[in-house]
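The same subunit A turns up in both complexes below, where it pairs with subunit B and then with subunit C.
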Partner chain A sequence: MSRGVWLPVVGAFALFVLAWKVVVVVSGLPPFILPAPETVAQRFVEAWLQGLIWPHFVTTMVEIVLGFAVGVTLALLVGYGLARSALFERLASPYLVAAQAVPVLVLAPLLVLWFGPGLLSKVVICGLIVFFPVAIATMVGFRSVDARLIELGRSLRATPRQILRTLEIPAALPNIFGGLRVGVTLAVVGAIVGEWAGASSGLAVLINLARGSLFDIPLMFATLLTVALVGIALYLVVVAAEQRLVGAR
Partner chain B sequence: MSPTAHRPIHVALVGLVIAVLLAGCGTDAASAPPSNPAGASVAPGPSAEPSVTPTKLVVGLGYIPSVQFAQFYLAQQNGYYADAGLDVEFQNKSDPDLITLVGQGAIDLGIGDGTSVIPAVSNGIPVEYIATIYGKFPNLVFAKASSGIKTAADLKGKKIGTPGRYGSGWIMLQALLASANLTTDDIEIVEYPDFSQRAAVEQGAVDAATGFANNEPIQLELGGTKAVVLTIDDITPLPGPGLIAGTATLDTKHDAIAAFVAATLQAMEEIKTDPSVGLEAAFKAVPELATQRDAQAAVLNATIASWTGTVQAAQRLGAIDNDGWTKSIAYLGTLGLVKNPVTVDQLVRGDLLPGGD
Partner chain C sequence: MTASPRIGSLRLDGLDFAFPTRRGGRLPVLDGIDLTIRGGGIVALIGPNGCGKSTLLRVIAGLLEPDRGGAFLDEARIADPDPRIGLVFQEPRLLPWRSAADNITYPLELAGWPADRRRERLSTLTELVGLDPAVAAARPAELSGGTRQRVALARALALEPAVLLLDEPFSALDALTRERFDLELLRLWDRAATTIVIVTHSIPEAILVADRVVVLSPRPGRVVADIAVDLPRPRTIDDLDDTAVSRIGREIRHHLGDPEAAPAATTSATAAASMAVAS
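Right, the complex of A and B next:
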């Protein structure tokens, strides 16, 4: 990427850090309430070098990746069904909306009870939270395909699979990627919420350890920073995939 | 400028707003305690004349409503706090940030144990331990009596359940194992982050587990299974949960807090003499508990038994075991939990106890 794109990003980040530092200095807040940015940065580097964050990072990443994969797979199938079958939409929509209306924060302890405090409950929670936006985006994407294009394909004796692969999917992809952008950040939220409800490893566990057991507030901030960076990195991966698949069209 | 070029600036502005709001909240909480700092107008002791305006104290109990807080309920219901010129508000909920909030001054008093207070103070959180509630360290290892486990040495090679490798339970387990020249490498740890280790012991999924003196072993026995417990009081005297207050709050509300301690200890003495008054106070405060009268009575009896350790038996309820604190600092240091050096004088003060110096 060119300097013109990165400079404002770096400048905005520098401004944010500067504002943070000003708040710390002016307010005189003690470090256990709001540590200075350089303290957090130092703890971030230390914790990574000490290997303190790494095992928790791996746990959370596995949960996110598996949960996202499961949620997206189901959402693509259901979203396509919603777009192509009015009966299916009438039957499934109330349940989908109801499932979305119940906060995952409330469901998480129940899911941990049902599926145990291990990986499975986190994958289910991630999958659930990812499912709705991707399913709706998929439905909207497939419905937006120009019906005349499909008619044209049929008139050229294209098989349903050929129509799906060459006409419907490419036309629906921009919408689907819109859902994936939302879904991937929600997958991070799902993993953290799941770990909060009961886990022995993961970035949320480290946050709880840092604040309630070690009283290491800079470590808590460093872990929060890691969570934020994970979200940004995964979002950028989806954007890159979108640019490759949609932008190249 | 493209839309994407605008985004970072928006992010920075949002961050700035959040930072300013956070600073505003923090400043308010740090500089203006939530309650009326009129402690100087209240004489210590439950028999003191109440001032015109009672001094408000917010007390975080750090756990859901339970019979184990019977002394606080009794003192409130019998008017001991009101007689001392106090308006006490209890926060009866699980709160992992309780020590930090007490240090910040957002809560006047809370309950914390040595294994939490030592690392907290070591990390710059200004709190002090002012009265012992649990003279015996309540964390322990429990097992079925039929397991054959009788001493710490018997744990070698066994499967031990624990909520996680953190906190007072984990510290206790390491101290217990060390007493038998064992480490956590000599046992098989099974983690139960959902705190279901009692069921695991009951079902035989693990040989033993970490728990609390007034919880899991009691529940196990109420279910008809005889339990055996391993405690660390005679091995490494870790200070049990007690009352803590923020250093700044202690300056502004010293006398009010001393009066609160005196009133609470009076209620503890009464419950120790006659547990039924504590039980009834708990039922009055939390009516739902009355549906399990026998179970709650068993929990309360175990709680009362935990109030009196060696030092409290020799002196009085609430007395602080300074020697135990010294040993705890040293022990937690070996576990890497004392980031910056701390002394007992920084952690503990006895002048808020009745007749304290």
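Right, the complex of A and C next:
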């Protein structure tokens, strides 16, 4: 990447930090309400070097990656089924919409009760929250495949498998990646909400600790920063995969 | 004309075809089409919009099954798409995520050809359709309309078909490019030795390329005229100024139902006028 691409990004970030600093100075808020950016930055580096954040980071990452993988796998299969079968769509969509309409925040305590405070409940919550946008995007993607391309495939005697592999999947891919972009950020939310509802380790647990017994608000902000960075990094991974698989068309 | 030793002969025998309508009825599109095309011939199908020309082409391509009668390739019934038949659609219909080269070799890939044989065939095909090898790596979106249709033509020829079906292939191109493509099609026909059936809206195009112009009626399509184009080959654009062309053109127009274009014998005045213009 050239300097020209990054310069505005860095500039905007600097502006954000500056605005933050101005608010702190002008309002005179104490550090336990709103710490200054340099305080947070310092605590962020410290906490990482001390190994305070690391174990929680690992826990949350495992939850996100597994939950995302499970949710996406199921969503791709169900999304394809929804696109293929009108009957399946009629039968399944009320449940899908209902599951989506109930806030995951409300479901999380129940799921922790059912699946325990460990990894499993977080994977379920993550998978659940990722599922809907990806399934819908997959359905829309497979529905929007140009019928003329399918006719071309038929005229070239493509087998149903070949049509799926060489026509339908590549044609649906841009839509699917639209769903994955939404899904991956929701996966972070899912893991955090799941940990909130009951866990012994994870970034949300650390936020709770920093806010409560440790009363270390700069640490809480440093952890929030970590969560945000995880979200951005995972989003960029999806975008990079999209560029590789979809590319310029 | 009838008994030809060359492969790629087509016979359509009493073809009826109807599309099911939404209300459960049937919309007849083709009505008793009888047509014999010798191997290596070029036939242009012409007719008003919606007369079933494209449907007829799809029946020959094995994509649609006729309700009655049948289409035969070298006397074998066409029931499914056949590798001996190549099809070029009105729009290029390229896969936008593939390069031009990978679009051309797509039929070979589906047929299970190994990569090295595909590469070999690719160079033959690009040469055959006059495609600049420099654009082989480009995506369809980066190509001009004419180049895209060239890619589509190469793709249709990939499996060395005995019959090439073209559904208004050059109708999206500007007039000059279109004429150039028509002439290139003739050159290609010379070299690839296929039977060609071309659906067209353009009377000059039909006359320029075809041995025979088959005129279809408004829906349901029936053959209303089968006009021989007895111009010598190889043909050039200048041949379109020939008096024989205006005679044939008028005959086609007459069968298409244009009241202004009565057969040549009864309108000697207009014939003389157009002759004067032509010379």
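Miscellaneous remarks
Basically, the second predicted complex is superposed on the first by the 247 of 249 C-alpha atoms of A that agree within 3 Å, B and C clash if a C-alpha of one lies under 4 Å from a C-alpha of the other, contacts with A are read in each partner's own complex, and residues count from 1 in each chain.
The criterion applied here is as follows: a contact is a pair of C-beta atoms (placed from the backbone, for glycine too) under 8 Å apart; a residue touches a chain by one contact, two chains touch by 3 or more.
Keep in mind that this is a model prediction, so the values were computed, not measured.
Once chain A of one complex is fitted onto chain A of the other, the partner contacts of A:W114 are absent, as it touches neither subunit B nor subunit C. Shared-chain residue A:A158: touches subunit C; no touch with subunit B.
Applying the stated contact rule after C-alpha superposition, one finds that A:L149 touches subunit C and leaves subunit B untouched.
Which of subunit B and subunit C touches more residues of subunit A: that partner is B. Judged by the touch definition given at the top, the superposed model places A:W54 against neither subunit B nor subunit C.
Applying the stated touch rule to the two superposed structures, the subunit B and subunit C interfaces on subunit A have no residue in common. Of all the residues in subunit A, the ones that touch subunit C in their complex are 148-149, 151-158, 162, 166-167, 170-171, 173, 246-249.
Those residues of subunit C whose C-beta lies close enough to touch subunit A in the complex are 61-63, 80-81, 83, 87, 89, 91, 93, 95-97, 106-107, 109-111, 139, 141.
Against subunit A, in their complex, subunit B makes its touches with residues 4-5, 8-9, 11-12, 15-16, 19-20, 22-23, 26-27, 30, 96-97, 99-100, 103-104, 116, 119-120, 122-126, 164-167, 191-194, 337, 339. Interface residues of subunit A, counted against subunit B in their complex, comprise 5, 8-9, 11-13, 15-16, 19-20, 23, 26-27, 29-34, 112-113, 117, 198-200, 205, 208-209, 211-217.
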